[in-house]
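If you scroll down you'll find the structure; I have some questions about it.
Chain IDs A, B, C and D follow the sequence of writing; residue 1 opens each chain.
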Amino acid sequence: MARVALRAVSGPHGYLQAQSRWRWPEVAFWIATPLPFLIFPTYLQLASQIAITALFAVSLDLILGYAGIVSLGHAAFFGLGAYAAGLLSKFWWGEPLSGLALAAALAGLVGYAASFVIARFRHLALIMITLGIGLLLAEAANSASWLTGGADGLQGVRIRPLFDRFPFDLWGRTAYTYSLVVLFLTFLVARRLIHSPFGLSLRGIRENAVRMPALGAPSRAYIRKVYTIAAVMAGLAGALLAQTTSTVSLEVLSFQRSADVLVILILGGAGRLYGGILGAIIYMVARDQFSGINPQYWYFWIGLLLIAVVMFLPNGLLGGLTRLASWWRAHLLVMPPS
Amino acid sequence: MAATVLSTRGLRKSFGSLVVASDINFTLPQGVRYALIGPNGAGKTTLINLMTGMLRPDAGQIFLGEDDVTSLAPAERVKRGLARTFQINTLFPHLSALEAVTLAVCERRGHAGNWWRRLPTHRDAVDEAYGILSSLTLGDDGYRPTRELAYGQQRLLEIALALATRPRVLLLDEPAAGVPRGESATLFSVISRLSRDITVLFIEHDMNIVFRFASRIIVMVGGRVLVEGTPEEIAAEPRVREVYLGNTRHA
Amino acid sequence: MRSRLLGVVSLVGALLVAAPAPAQPTVKIGLIMTYSGQFADAATQMDNGLKLYVKQHSDTVAGKKLEFIRRDTGGIAPDVAKRLAQELVVRDRVDILSGWMATPNTLAGADVSAEARKFMPVMNGAGTLIPTKSPYIARVSFTLPQSAGALGTWAVTKGGFKKAYTMVSDFSPGHEAEQEFQRAFKEAGGEIIGSVRFPVANPDFSAFVQRAKDVNPEAIFIFVPGGVQPAALGKAFHERGVDPKKTKILGSGEVTTEQALKSMGDAGIGIITAWHYDYNINSPLNHAFVKAYREAYGRNPDFFSVGGYDGMHLIYEALKKTGGKTDAEALIAAARDMAWESPRGPMSVDPETRDVVQTIYIRRVEKVAGELVNVVIDKVENVRDPVKARMKK
Amino acid sequence: MIGSFAGVLFDGFAYGMLLFLLSVGLSVTLGMMNFVNLAHCSFAMLGGYVTVTLMDRAGWPFFATLPVAFLAAAAASVVLERALFRRLYRASDLDQCLLTIGIVFVSVAGAAYVYGTLQQPVQLPDYLRTAVTLGGLRFPVYRLFLIGAALVITVVLVAALEYTRFGARVRAAVDNQRMARGLGIDVDGVFAVTFALGSGLAGLGGALAIEMVGLDPAFAFTYLIYVIIVVSVGGLASIGGSFVAATLIGISDMAGKYYIPQLGAFLIYLVMVGLLMWRPAGLFGRR
């Protein structure tokens, strides 16, 4: 959201209210999300996978953008959620919503356990430890091929239709609706968290980790809490992918997926909550279109896109847009009498 | 005699062969304004770091009131009423002053853990934060990011953050460092207006400020407490004059 | 009610988007392959093979023009493969889903073929259970047990080996090859004196080769994915001083592909492999195929290329049989009992399992005119996939 | 059994040296210059392709191509450093990460376009491919050569950085740009040269690695993880640290695969996480 630098127009409460009030661009965006049903009816599967990636990017933004933890292994929780949902549907029963909840809970549990390690390290050591955890989990999934199906992927995933009436069909209507609703609800939770006292403490940790203990704040406990919440959200995203495509393979735990979501978040602009969503849309649409045009060398154009964004829009697309908006507001709108 | 708020017994700390604190014993009664003076390298900031738990002493004990806090984590000591400011501004550049103080107030009130209620709903915490900022003349500038505040205002924000933890003992590490002479007087007048039940210990080099605002003075040299007393006693104390006029070389 | 309304709305949307009906009727073929990423070269070779067939046989079959839509999964990515298949069916309205590199992507696509009832000729994906995943799948590539089983039996009956050690990559294709080789070798009277599985991601082989050498078996069966590992493994054997005369190295064809032999150098001499294709197969049809392929693409075809070539042949013949009708039932019925002469030799589709039946050649690496080649020393005809054959009994 | 233990130790050390050769340049660019250069392996790939091209198309001997691989990668890095990296020295490490990942993508697609996607075979001279037996143990010549090359590079690099005026100016410029400018050091020039040194080493490492691990367009991705592991475990800005870390990782990886194969794949990551939890700043790291 644009940082509103209101002069002392409405006192402390008005200022804080303005920070967390829903701005019209946000509302317009969420109203527009069902549009693909009308104008891109044959792109609903892609839209569903964009929503899933956006949810995954928002979960990374909580720890990266708001608590300053750079993770190169966030796919560990995404993959855990995917495999949990897949295995639940295979060995137990394929009802999507309960599967989603259980998968997210499992990812959260593992996230909580890992958070004790994460909270004790910083800078490059932390990044490498998250990378290590991710790679270890991927290796475990490959060697436990009796359970996970190894490189061929999990076979026998049977997802029952949503509410037993809406099957996850070819058209992807149910898939997109399901992913979008879960994304929106989780986003509300993330947005509420960002504007809560806890969110403020996280930003404090990111801005100045030395000051926080001097204010009595148990920084490590907060980092553990936000890491667990992020793990739950990443597990949700993984479970959504498993349920909407009924395919789970080692790739959901791979370093490639952790790197992709990091690129998507930085591309969109970290620390702005919508950065993850915008980044997911731009990156996946660009990849889909470029790889459609020339399947062999599309990496080239994605690479150029990334370089261009870094060189011309330093803090991501959203950073650029916010600057554009504030420039536009400063020049065109008549400033309210202060 | 008022109850002791903060005391140390036999405090010792050395970095290898360099002794930065040796056998420091002192007690701070409640409500008194203490100045801690001494030449550079006397171990003043180290003493504050030891008391706040940023540094672990090699030997000795630190007491907050009656309880021994020597091995307590810094955050715990703050919860028990020991707050500090930093010599070099350690603030939150992109947070506004209001957000920073609100953060500290929420931390003290135990709201910092809840992630489901929106910040503005904690009206009392916001009011308290705004109150602290106004008392330090920062009320109107509380909305701009901290990095856009003037240096003097940032020094005041350091104090505001410490006050937000409602300390029993406030350790000010050169609060007026880098503040132009004219403004440091107003800074200290703000400090002196603090309520009587907060014990304040501040490090300061400007002797007229020290003699105007301190009710007792501790002089440290080479990691040891040379002498403690009222401003008048310290002024008359020959050893202090030697240290400052520098005719004897001290390790 | 809600989904029906959405259905109607999206149909209207689709009609607006769809182009006006083309003059001449076409058959749309969706090709899903790994054009980029780790398996890019395999996809390039497969694509070259099918393009060559189309060039040689014109792009009109049974009065209908063939139209190809290529989509890239970017490596092993089943969720992307499934989405691309769904989009090809829903958006591009393809009649046939073909290509299919790598088992995980193929398995994901099989669900779409079954649900959307689209004919699915598989040109590579080698997992044994693939044809069982959709009734419209016909495979023209191979299965690993086909070659591993044939090699296991041959090693004892003709090769004269009594004791063997197996070394495979620790992922499902590796497990399949290992189990089938060990089963066939034991059934023929041989004895497996040890086995090891090494990590899939670029392992350094010297430690494993040392372990195998310490047991000094008569023969070592190896399986590694294509790409950089065959050459590295061959060199490791050479470096460790495994004497090719004393300890014979057996493997699947991927170990001694043309590229692998080039970078392996003399370390590859004497390696015995079982595979269904090699550009040196001595048949007039293959010579013509290799010549045309080299003229068109400046390099020799490999088993990916012949997979693409035969895949197109299957599509052409099936369309001819159904007179251009593209519904999956007709096409799979036409394809399931087809037999023809391919550059690899006589091959056919097993009517029951819809899997490939072909000749497996036993070859040894020799230096011929200064170049390392796989010289055919024996062959086993009409080999079916043993795993599914056993399941039948 | 002792014979094979020595064999495992030697192979582990040689594999470690290969990892060191690939990552030593990164401990210059990421370590000393604090620039998150994920495109390091793209320069290694460039060096590899230069060697392959010169050997296949121009028939150069293997050793002659190595300096050219170094210079080509160094030259390419100067161009990129002047055009792109220079503007991001003070940017956040995330932006540096995005820029360099973008360059990796471009380099992978470029290599695939120019050289095609197939594996690049390299025909080493025969004497490099045999093995020498000393005291009943077989020592492949190429691995001996790798160890030698790694030792030489370490000695030359440490000497150049620690004991020469050039080294002092590099460390000064990297440590505090403003102060270095104050002393009249042409910081931009020093940065360009240091970056070129790091990338050139990468190019050389890439060329030397072809024989052992092959070369294809995906090289820039697959070896990125191992290179970062070595530099982070070894300690930023510490050439010696990277050397020791590479040795430790190489030997533990090899021993793990030999003695406990089913644990093989896990071991390298367990060693990394263990070492980092014990020494977060790396074995010899200061920061």
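Note that a residue touches a chain if its C-beta (ideal position, glycine included) is under 8 Å from a C-beta of that chain, and two chains touch if they have at least 3 such contacts.
Computed from a prediction, not measured in an experiment: that's the story for all the values here.
A comparison of the A-C and C-D interfaces places the larger number of contacting C-beta pairs at A-C. Comparing mean CA positions across the assembly, the chain most remote from chain B is C. Closest to the protein's overall CA centre, chain by chain, comes A. With centres taken as mean Cα positions, chain D sits 49 Å from chain B.
Work out the mean CA point of chain C and of chain D, and you get 36 Å between them. Centre-to-centre separation of chain A and chain B, using mean CA positions: 42 Å. The residues of chain B never reach two or more other chains; the list is empty.
Residues of chain A in contact with two or more other chains: 139, 142-143, 256, 296-299. Counting partner chains per residue, chain C shows two or more touched chains at residues 36, 40, 44, 170, 199-200. Chain pairs that touch, as defined above: A-B, A-C, A-D, C-D. Of all residues in chain A, only 64, 70, 117, 120-125, 127-129, 131-133, 135-136, 139-140, 142-143, 255-256, 259, 262-263, 266-267, 270, 296-300, 302-307, 309-311, 314-315 touch chain D in the complex they form. Contact residues on chain A toward chain C in their complex (touch as defined above): 37-43, 45-46, 49, 139, 142-143, 145, 149-153, 155, 165-166, 169-174, 241, 245-252, 256, 291-292, 295-299.
Within the complex, the chain C residues that touch chain A are 3, 6-7, 9-11, 13-14, 17, 33, 35-36, 40, 44, 70-72, 74-79, 82-83, 86-87, 89-91, 103-104, 107-108, 111-112, 115-116, 127, 129, 170-173, 175, 199-200. By the touch criterion given at the top, residues 36-38, 40-41, 44, 170, 196-204, 206-208, 210-211, 214, 227-228, 231-232, 235, 238-241, 259-260, 262-263, 265, 267, 299 of chain C touch chain D in their complex.
Of all residues in chain D, those touching chain C in their complex are 4, 7-8, 11, 15, 109, 112, 116-123, 129, 131, 138, 140, 142-143, 211-218, 222, 253-255, 257-258, 261-262, 264-265.
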